[in-house]
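Multiple structures are listed underneath, in structure tokens.
Okay, so chain A shows up in both of these, paired with chain B first and chain C after.
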Partner chain A sequence: MKSRDWLRSHGRALVIVVPALWLGIFFLMPFLNVLKISLAEQVIAQPPYSPLFYFSESGDWHFKVSLDNYRDLFNDDLYIAAFLNSTRIAFISAVICLLIGYPMAYGIMRTTPSWRNPLLMLVALPFWTSFLLRVYAWIGILNNTGILNNALLACGFIDRPLVIMKTEVAIYIGIVYSYLPFVVLPVYSTLEKMDTTLLEAAADLGARPFAAFLKITLPLSWPGILAGFSLVFIPALGEFVIPDLLGGSDTLMLGHVLWDEFFANRAWPIASAVAIVMLLMVLGLLVLQNKVNRPPPQA
Partner chain B sequence: MNTRRSPPMTLWLWICFAFLYFPILSLIIYSFNVSKLVTVWAGFSTQSYATLWKNRQILEAALLSVQIGLATATLAVVFGTLLALCLTRLGRFRGRSLLGGLASAPLVMPEVITGLSLLLLFVSLEKTFGWPKRGALTIVIAHTTFAMAYVAVIVQSRLSAMSVALEEAAQDLGAHPPAVFFQITLPLIAPALVAGWLLAFTLSLDDLVIASFVSGPGASTLPMVIYSKVRLGLSPEVNALASLLILLVALGVTVVGLLLGQKSRDHRVVPGVEVKKVDGRLDDDRRPPIG
Partner chain C sequence: MIRHKKHPALHDPSNIPLLELRCITRKFGVFPAVNEVSLNVYRGEIFCLLGGSGCGKTTLLRLIAGFEKPDSGKILLEGQELTGIPPYDRPVNMMFQSYALFPHMTVTQNVGFGLKQAGLPKNSLRTRVAEMLALVKLSEFGARKPHQLSGGQQQRVALARALVLQPKILLLDEPLAALDRKLRESTQAELKGLQEQLGITFIVVTHDQNEAMSLATRIGVMNNGKIQQTGSPREIYESPANHFVANFVGDVNLFEGELIEWGPEFFRFRVHEADCIFRSSAASELPSGAAASLALRPEKIAFSCSPMPNGQDNATSGTLESVTYLGDLSLLSVRLASGRRIKISRPNAQREEQDLPSRGQTLYLRWSADSLVVLPK
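Then we have the complex of A and B:
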């Protein structure tokens, strides 16, 4: 059985090589390619960017790198505004998510044990239904003639419809709604791991429950808080669908700029430069998170 | 921790769950509206479902999305399982930490970046090798790349939670590694594979941004068609479609929940989402596979 022998001696390598090759080609290589294109110049051609290496007619190698795209990025008010908007909106959304999600995870933790799993399942369930359709649902709710305004008008709380659609508030609502489970689940899992005898000890020593929460529970759930924060902040930073459907045209975000540069303007090099800047922000955050999480806090 | 429920906490949970589920309910309720205005209730009707059934564009897109989802989920389970095996069962090898990083990076990458970078790669490849042509194939490749990371997380948590005793026993009794895998490991991780397959299928069916980037002319997936309709405003057909999809997901999750619930009741929270104690810290590759 030759093939069996071969499989025996090479099986281990095969198990490593197949997924590694796939990720290398379709995940690592694309980023190198984007980096390359972000250093090229915009030209009117197919594809619309200049090569970094090329042969001139005399047969010499040429190598040309241009940082113009990055210079444009940092000198153009549009990009700076988009960058600031994205960071601000992603940060505030992540904080709101934590303010809503932390007490939620804490509340689930404190219900009777038989209720915990069903409640957690209810938290994660919306994640399995279409993201796009859940964002779409908010158009129907927040519109000037939408469900919320109709209800408030009918109850007499307001005289004329609240303008929420196409504002930044609508973006916050959309992001918080879509990403809330991403905060609740990691926070819950750190709370669940917590050594509860610490709280008993605190109570025995005379700490009030709230003081014990501030001094013990909150610091110990720090990894969950941080994980939840970045699970909201990172995708929100590049969010495209929510600002596009719920936000106004005056609130530009990075994801939107990248999309428009690419699809509307066919400006591939500048879109690539936007992607690289976003990528660096994401990587920075991940490195930071790793640093805080390691060494692991002793529970 | 004491499990006494305090009234404010219970109220807070009610408010949060109402916030999570009200939009979904509103979609379903208003899909039965007579009025074309969608959010102005004018009476009960199933008109929008009839219109949906006649909309060929949506039906074709749904069919394409399901095909892409099936291919993606299957590929993602194969590659994701291999990846999980590499990271849990093969000990040390050169490039292990790089592979671990590559395995979890797609989970946190903003979609626009993944989409743009893959498209640019496909363009370069097509220019150099004449392959792959942009369309359903490139969407499957792109979806597989990020879905396999999710599958890997699920399978990895299953592999590291189960004891290696059975595998070692089989090996001691003379079984070759492939035989050990197919006869011992595979049946034991089957629930995780099912959960991973379903998650990959759902992720693929749901993705708009990456598909929009890497798709070519003629290949419009369901989210792409929905998006082009939704941009123009509310549409009763989209509400009807949403209700059907929600029904499908609810059914699927219930069935899988029942299937998996019988297998392991201890820690499993949701199909595919395990929240459990892992040596006292929340590690990158051990947190619930969301994100």
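Then we have the complex of A and C:
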């Protein structure tokens, strides 16, 4: 009897404890570790950073926090350029994804119900193949001697191969291709939830189909647009594989900088600082999104 | 036969109908939701389409609004063909059952939506919206969003939004279904008042016969995609055209009888179930021996506890089985010798219980010849 009472009063806490533990072990602790490293100094040692706490030879303990990494970050043009570049590429990619993904989601919503699930399956199908493999496949398509150039040359549209590989265009193609489903699915889910009688009401009140779309459908799918945007923008901000494989070696993006600092320069502290700043940027974006999406207060 | 006062518009042969449906059919797959419906609606009417769910009444309304295209037939508004015109160009407006208020817009924006689409200048738009909101008593709620309003208020916003465009016809799909009883009654009166004030023709779809009775100038009873009967509420109730209408509108006792004798002013039917002769003062042409259904409304049957001479027309007797007290009236169920049950209703004129007979008592029933309705088989 007693154990049942205990369960009744603590059951709620028990349910929450599992995900809380999970997040604590696999998210919070690594994050704190990265935070710690970002506040340390680079040293030539194993591991390559200074400890925050240490005991001096005299036996006193010392506590040393350094914000130098962050200062360096904001004083070095390389990092600032990488931040700006990443933000720009992520933003443009997200917008292109929306421009392609929204009409796709809208089209799927407007087909007959029996077609919707197969079409959604097709959108999600690429996920069944390795991401890396798919990006490699694009090299084969976009190369100077790749499928695209060969086809265009054969058709006589061009007389010299287009240089796409190792340019920003290739990065956009890679990101848009890889992240398109992340726009289609949330936009589709908001469109599907929309009451279609609203469109009939709009038509009844004199709105032509396009006006009804602009005044009713578009504003009501705003949450989906925002979710889709974030789902592309956030991973694209730190994207490493796509710029590394498709972009030139001179593409300056955060993921790349991070990789270089961490592995090539063994500058763990500054790499950690880059990671923390990125995280803050994403967090800011999520807070903003949350504010926009919050349901209006009830009367 | 009893003649009923008809709507004035129907008497005047020179009056052309405002809306004319000519043999409209709309099929979903092979199933005809609306089947060869022809219907005239006149200016200033409140026409109610009454029927159960799935009878095609909402489809008919959507055909008039333009959301559905008829497979065959024509829709004419003021003599002009409406059939190919899309909903956004039709001078009719609809109030949806779910209200379909735009959730991201305020009350003012909702009501102003149609005027804005029509390209009305801002100033006159604002005055017309304000006038309309005042008319439905929502002036203080202009800045609210739909979800901040009660059901009754939302209903009035939907009404205002459709009325502000001054449509030739306002279509109302179950306008009061979502409201509770008390509110429904007061809203019914408001709706009627508004219609008289604005002079806009209403076509109302409803499944609620009380609503149809109290709102309508004329009712069209629908079943299986067809209009079974159109007429004033009294015509529909007192002179149902067929079995379905008699059964659907109000309570009725239906008997199977065969014609045995007729004269200039009377028709006599033998009804085995009731073990008596039914005498009716009116019936359409029937051959001798023809079977007919005889409809008798519960409130048209008189009863007494004292015996009556046997063998009279329109009289029988049975045992009182149950009495159901409903406040304003009581329903009595009387079991005849054949086992057939008859429903009788009686207003509760007295507050005391004693004046009702008790269960098990033998009741002697009678009714007048002109309260019987003879329905063709």
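The criterion applied here is as follows: the second predicted complex is superposed on the first by the 275 of 299 C-alpha atoms of A that agree within 3 Å, B and C clash if a C-alpha of one lies under 4 Å from a C-alpha of the other, contacts with A are read in each partner's own complex, and residues count from 1 in each chain.
Definition applied: a contact is a pair of C-beta atoms (placed from the backbone, for glycine too) under 8 Å apart; a residue touches a chain by one contact, two chains touch by 3 or more.
Keep in mind that what you see is a predicted model, and the values were worked out from it rather than measured.
Undergrad: Examine A:224 and indicate which partner it touches, taking first as chain B and second as chain C; both and neither are also allowed.
TA: After superposition on chain A, A:224 lies in contact with chain B alone.
Undergrad: For A:284, decide between first (touching chain B), second (touching chain C), both and neither.
TA: A:284: touches no partner chain.
Undergrad: Looking at A:107, would you say it contacts chain B, chain C, both, or neither? Reply first, second, both or neither.
TA: Touch partner of A:107: chain B, not chain C.
Undergrad: Check whether chain B or chain C contacts more residues of chain A in the superposed model.
TA: With both complexes superposed on chain A, more residues of chain A are touched by B.
Undergrad: Find the residues of chain A that appear in the contact set with chain B and again in the contact set with chain C.
TA: 296, 298-299
Undergrad: Using the touch definition up top, name the residues of chain B that touch chain A in the complex.
TA: Per the touch definition, chain B meets chain A at residues 1-6, 9-10, 12-13, 16-17, 19-24, 26-27, 30, 37-40, 79-80, 82-83, 85-86, 90, 93, 95, 99, 102-103, 105-106, 108-114, 116-118, 120-121, 123-124, 127, 141-142, 144-145, 148, 176-178, 202, 205-206, 208-209, 213, 223, 226-227, 230-231, 233-234, 238-239, 241-242, 245-246, 249, 252-253, 257, 268-270, 273, 275-277, 279-284, 287-288, 290-291.
Undergrad: For the complex, which residues does chain A have touching chain C?
TA: Contact set of chain A toward chain C: 195, 197-198, 200-208, 211, 215-216, 219-220, 296, 298-299.
Undergrad: So in the complex, the part of chain A that touches chain B is made up of which residues?
TA: Spelled out, the residues of chain A in touch with chain B are 4, 7-8, 11-12, 15-16, 18-20, 22-24, 26-31, 33-34, 37, 47, 100, 103-104, 106-113, 117, 119-134, 136-141, 143, 145-147, 150, 177, 180-182, 185-186, 188-190, 192-194, 196, 199, 223-224, 227, 230-231, 234-235, 237-241, 244-245, 254-255, 258-259, 262, 268, 271-272, 275, 278-279, 282, 286, 290, 293, 296-299.
Undergrad: Quick one: in the complex, what on chain C touches chain A?
TA: Residues 65-67, 86-89, 93-94, 96, 98, 100-104, 113-114, 117-118, 144-145, 147-149, 161-162, 165 of chain C touch chain A in their complex.
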